[in-house]
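Think of it as A, B, C and D in the order they're written, each chain with its own count starting at 1.
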Amino acid sequence: MNSFGHLLRVTTFGESHGPAIGCVLDGCPPGIAIAPEDFAHDLARRATGKTRHTSARHEADEVEILSGVYEGVTTGTPIALLIRNTDQRSKDYSAIAAQFRPGHADYSYWQKYGIRDPRGGGRSSARETTMRVAAAVIARKWLAQRGVTVRGCMTAIGDVVPRSHDWSAVEDNPFFWPCAEQVAELETYMDALRKSGDSVGARVLVVADGVPPGWGEPIYGKLDGELAAAMMSINAVKGVEIGDGFASVAQKGSEHRDVMTPAGFLSNHAGGILGGISTGQQVSVSVAFKPTSSLRLPVQGLDVDGNVVDVVTTGRHDPCVGIRATPICEAMLALVLMDQALRHRAQCGDVGEVAPRIAGTTSITDAKR
Amino acid sequence: MNSFGHLLRVTTFGESHGPAIGCVLDGCPPGIAIAPEDFAHDLARRATGKTRHTSARHEADEVEILSGVYEGVTTGTPIALLIRNTDQRSKDYSAIAAQFRPGHADYSYWQKYGIRDPRGGGRSSARETTMRVAAAVIARKWLAQRGVTVRGCMTAIGDVVPRSHDWSAVEDNPFFWPCAEQVAELETYMDALRKSGDSVGARVLVVADGVPPGWGEPIYGKLDGELAAAMMSINAVKGVEIGDGFASVAQKGSEHRDVMTPAGFLSNHAGGILGGISTGQQVSVSVAFKPTSSLRLPVQGLDVDGNVVDVVTTGRHDPCVGIRATPICEAMLALVLMDQALRHRAQCGDVGEVAPRIAGTTSITDAKR
Amino acid sequence: MNSFGHLLRVTTFGESHGPAIGCVLDGCPPGIAIAPEDFAHDLARRATGKTRHTSARHEADEVEILSGVYEGVTTGTPIALLIRNTDQRSKDYSAIAAQFRPGHADYSYWQKYGIRDPRGGGRSSARETTMRVAAAVIARKWLAQRGVTVRGCMTAIGDVVPRSHDWSAVEDNPFFWPCAEQVAELETYMDALRKSGDSVGARVLVVADGVPPGWGEPIYGKLDGELAAAMMSINAVKGVEIGDGFASVAQKGSEHRDVMTPAGFLSNHAGGILGGISTGQQVSVSVAFKPTSSLRLPVQGLDVDGNVVDVVTTGRHDPCVGIRATPICEAMLALVLMDQALRHRAQCGDVGEVAPRIAGTTSITDAKR
Amino acid sequence: MNSFGHLLRVTTFGESHGPAIGCVLDGCPPGIAIAPEDFAHDLARRATGKTRHTSARHEADEVEILSGVYEGVTTGTPIALLIRNTDQRSKDYSAIAAQFRPGHADYSYWQKYGIRDPRGGGRSSARETTMRVAAAVIARKWLAQRGVTVRGCMTAIGDVVPRSHDWSAVEDNPFFWPCAEQVAELETYMDALRKSGDSVGARVLVVADGVPPGWGEPIYGKLDGELAAAMMSINAVKGVEIGDGFASVAQKGSEHRDVMTPAGFLSNHAGGILGGISTGQQVSVSVAFKPTSSLRLPVQGLDVDGNVVDVVTTGRHDPCVGIRATPICEAMLALVLMDQALRHRAQCGDVGEVAPRIAGTTSITDAKR
């Protein structure tokens, strides 16, 4: 189960400290222009080692296109992408090879397989998500040709939340933070956190604009269902919301239901999805990230023989793994949307809307959050 | 995409007011004793028309076993279950056949398919979930033979939350509420809500005890990922959490990570899943339900020609659709667990744990919530 | 694994002598007109009890549409079809419940599942194929709207082969035989065979005309690969050929390769498929059926305790099971083609041919066989 | 659709003359010892350039293990294998980039995708099958631990058939020919063929010994159905048979049915499969290969503008592509068997036979052919 998607199918492979990581993107339409340099921007946004607020591991993340592209254009055959791992430091992890770190997949992998690759978390490392971002570069190109764009930002780091929301601020700071005036404050917050040896959780919002109504497959291929699975497959994710999410619990029906007018929807509590199918409004997804479990703070753990041991993690880790997760969440949103778009085209054709389209169905009330 | 599960595969069919609903459960191991009367208990828990707090529609929900069972025992071939619809009142819905109700799948289905069955919501009705509960009866039997049990309760109705948590209270009130002393209060609350013509959201907690470590498939078949998709596929769900869920955002890593001792885990913030694989602790999932959109309160809507119309829904509806959702969430949890159990057996065999098992890995700290 | 198809997905259920057989057809485009009476013609072609040359079992085979069709038109939701079994005679089979009939699935089902439904072969009966024919009625309607038609005939019964090939003769005799002058001879042959208590094998040819170039997915979803699996999934099939099939073994490359001219292909040794993708020529598939193993002739067998027993099958059986297989092979061809058509539309759009189309690519050399 | 298998899942990528070919083997059980040198033997058997009877292209075929193996043992995570292409000669093919070679996938790929990689056939080249052989090395190891072995041989080259059948002769000649005394004759035959510029078809037999009864999933995941799809997915295959295959057509039921005795089956017309499930006898599959279409003999073709052109293929090609196909067919048999074995373990457990096992169910009558 290292693949996802039904028609646009992503298969990833590789361990944190193995020779390489890679992916195969299958089912991609022919005719999309792709060059090795197309991957640089999004991979850099996800990469560690760029600022002091993420892991110090430095990866060049140079993508080699092994197949599926001829003379710069996709051919419809599987696209294999490969990135060599270049900054592995296996020695960082050797001490804990026989230990189970609390909050880590060490113990569960060991229980499942009876063996684990301890180098940097092996397959359970967030290193794997690099390939999702790479694959999504192609999906984003295809979606953009259809007017669909995907973006994301942080909406909480620990207990800090944005005081205002300005999309244009997001790419100008290392936190994907939508409120410029808070950035200095966050720098201080993160510096103190890093010094303390502890970590915090985070909340990420990703949205898609321009999604036409009709994408999504009831009942078990619902757009929101697949988004939930896609987001939950990212390391450290503990919760997913569509639209108002858990806030819906305390709402009244008369408040939650989004009224339609010829001029558009008057609100977007639904997050752009009803009955598992896009409505034409902005699709919005929120994702909860737990705090990193790899801390310099010692903690009691077990070794593989069941003995109590002191676990101290000295490797390079993110004090807030959620920060770099923004481009990963965007990638998963893009990949799910493109897969659903292809499935919609298969069943219902390309003819577009069949009912009167509500004006401005994309983002009249482009959620304030 | 009316199927889910990889080895234990559920396919459902049927519309709210069509002749019947049904499902096919494929991949079920042979040798499980099943009788038609086994379905009654769980279906009654989910059924409408039992108390004044749910829709007045009365369905007998008698299950006919059409295949896959010989002399009372599953044979390994597909099990088809059929329930005839008996209390359809198509007239309730005829007035709104050409209207799009705000907050409903009416509009998105119309946009996708260019046609919709307006009778009781057609395929988008929660009527479909009956078959998930039926299919899960078989899964729960199989899981119980392995010591795995599944249960659920409400943890919020609107802004009301339980003052205490007592599992033994849950089945003694119509709200699956874990705090007996609040039941009278809830009755009053719901009566007032029903009279107002409005609705509220809800929050459901489902847990599985006895799950051995090792179930779940990284990366894209993670146990939590599949649970998220399964829950999000239920009508009206807008959010899913594993373990501490969104509360993890504000936590520190030193607080969130669950410490292991030879006597067991000291906490269960993770909700029993690390790296997508069960740890042996209690698996816990929380689900957010939006308030029902079908209200007696009039609202502005559009008709299929784009004209503004007044929408008044006069059919039978639930003022809090989340109430009946508890057994549905339980069903999805059971079906996902059994599918993962079979997949684990396929890849890793039946031999059980390979590492020293932590004592009492199921529910040492059976979450207080 | 009681489902097949990737986008157009057929799931069947039911045993030979259970209460009912049925299927769910998922992924079907909306807007196809379907009425219960549409199924009668093809089901009658497949049915037993129509002539003395097939099993005497008489089944009414009345199809009930349980879902997915509203006001006579498909809605895009799953279409469930149900047929009640009406002429079960369990007593015919009781004697052999504890025996393994040579050449039957009795023994292999028992070994796999440890249990089997002995009534009429249970799930392994060709009764199941009824639902494939029913599902294909819908596929054939959709294909016909695109100019694609499917037909079939017998090309061998035992060692008898057609002396000439006339498609117009096929539906006028009970053997789907393409040479009218041989029909009386075949009647005599089959009467003698039936009296002898023995059975023979058969060979069926099915072809599709009007298939545009481009359908089929390399590498593991090749059109020919999926046709091979589809045909081999039919009871009693032991071989499948595309185009010249096994005759290709002794051919030279200069003889086998089909020359293209602006006026069309000059031959069709390939059977309309190159590289797993349709060429626009007639798609042709040949299928080998083994002789029925249920014979009145006694044979030595084993019982479930390993003892040698005399097996005499007294039930109603076909002396040449291949005869009724013609409409079944047609059904599988239609279902595979429609699934591939949807997949092609998903990846490559509906725009049709991109290269200069060879004139008359459908059936210039409509193979002589 | 560049993946196959349900639990043991193979995804391949790469073009004939691209930078590399590779595969991802997902779902593999942990604990299998694998080293890079394990691949050499089987890859050499499949490779071109070893004798004058196959294409002169020389590929080193050195396998790099990119993931899924830690300290020489599989970990249960996806195993990625990579082979760099080293002997591409794009110039060989440049002349025909704008032409459609008769009998090739050139035309159908062009029609499907509107673009094709003309270098050496691109994705449609048999170069892709290298990765199937590589993946199967791992499957064969796992099967061997369970007593299951796979082997294959040629049973026809053009119109030449073996005069006798001796498995021990097969690996001692470049034709996988089971009759040593014919080898010199075949050398002469092939030399003459190569000189003539023409090619011939071939027939390959692959068998599996030691397969326990019970593997295979009715109805649409039948062992024989999946074998048919697997074989038909190999380049140039036009037909597949199980057991007696097309010879069954002319057989009587009394002749075809394999009689069971406490000492074993008395024959194996079924080829080890009944009802889609293995019987415990030798599984046997025959595969028909068409003659290579790439000939030095000129032929009329079309160019992409629809003009008639003379096509002369001057690249390096096999005069009988079927020769090297023997290890490829073996690979597909092994991969399908292992996938089915895992699926059987999932549904029915590992406990083995449930009914009295017939003595010597593997290969009492190890088919004479």
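The rule is simple: a residue touches a chain if its C-beta (ideal position, glycine included) is under 8 Å from a C-beta of that chain, and two chains touch if they have at least 3 such contacts.
The structure displayed is predicted, hence computed values, not measured ones.
Undergrad: Could you tell me which chains are in contact with chain A and with chain D alike?
TA: A chain counts here if it touches both chain A and chain D, which gives B, C.
Undergrad: If more than half of the interface residue numbers appear on both sides, call it same; otherwise different. Which is it for chain B and chain C?
TA: Comparing the two copies, chain B and chain C contact each other through largely the same residue numbers, since over half are shared.
Undergrad: Rounded to a whole Å, what is the gap between the Cα centroids of chain A and chain C?
TA: For chain A versus chain C, the centre distance works out to 45 Å.
Undergrad: Provide the C-alpha centroid distance between chain B and chain C, rounded to the nearest whole angstrom.
TA: Once rounded, the distance between the two centres reads 39 Å.
Undergrad: Can you compute the centre-to-centre distance for chain A and chain B, using the mean CA position of each chain? Integer Å is fine.
TA: 26
Undergrad: Chain D: which residues touch two or more other chains?
TA: 1-3, 12, 27, 30, 76-77, 112-114, 123, 218, 343, 348
Undergrad: Which of line, ring, star, complete or other matches the graph of chains that touch?
TA: complete
Undergrad: Mind listing the chain B positions that touch chain D in their complex?
TA: These residues of chain B touch chain D: 7, 27-30, 76-77, 218, 342-343, 345-350.
Undergrad: In their complex, what parts of chain B are in touch with chain C?
TA: 1-3, 9, 11-15, 18-22, 24, 26-27, 30-31, 64, 66-68, 70, 73, 75-80, 82, 112-117, 122-123
Undergrad: Can you check the complex and tell me which residues of chain A touch chain B?
TA: Interface residues on the chain A side: 1-4, 6, 12, 100-105, 107-114, 123-124, 128, 156, 158-159, 198-203, 213-222, 224-233, 235, 237-246, 248-262, 269-271, 273-280, 288-295, 297, 299-302, 304-308, 322, 343-344, 348, 353-358.
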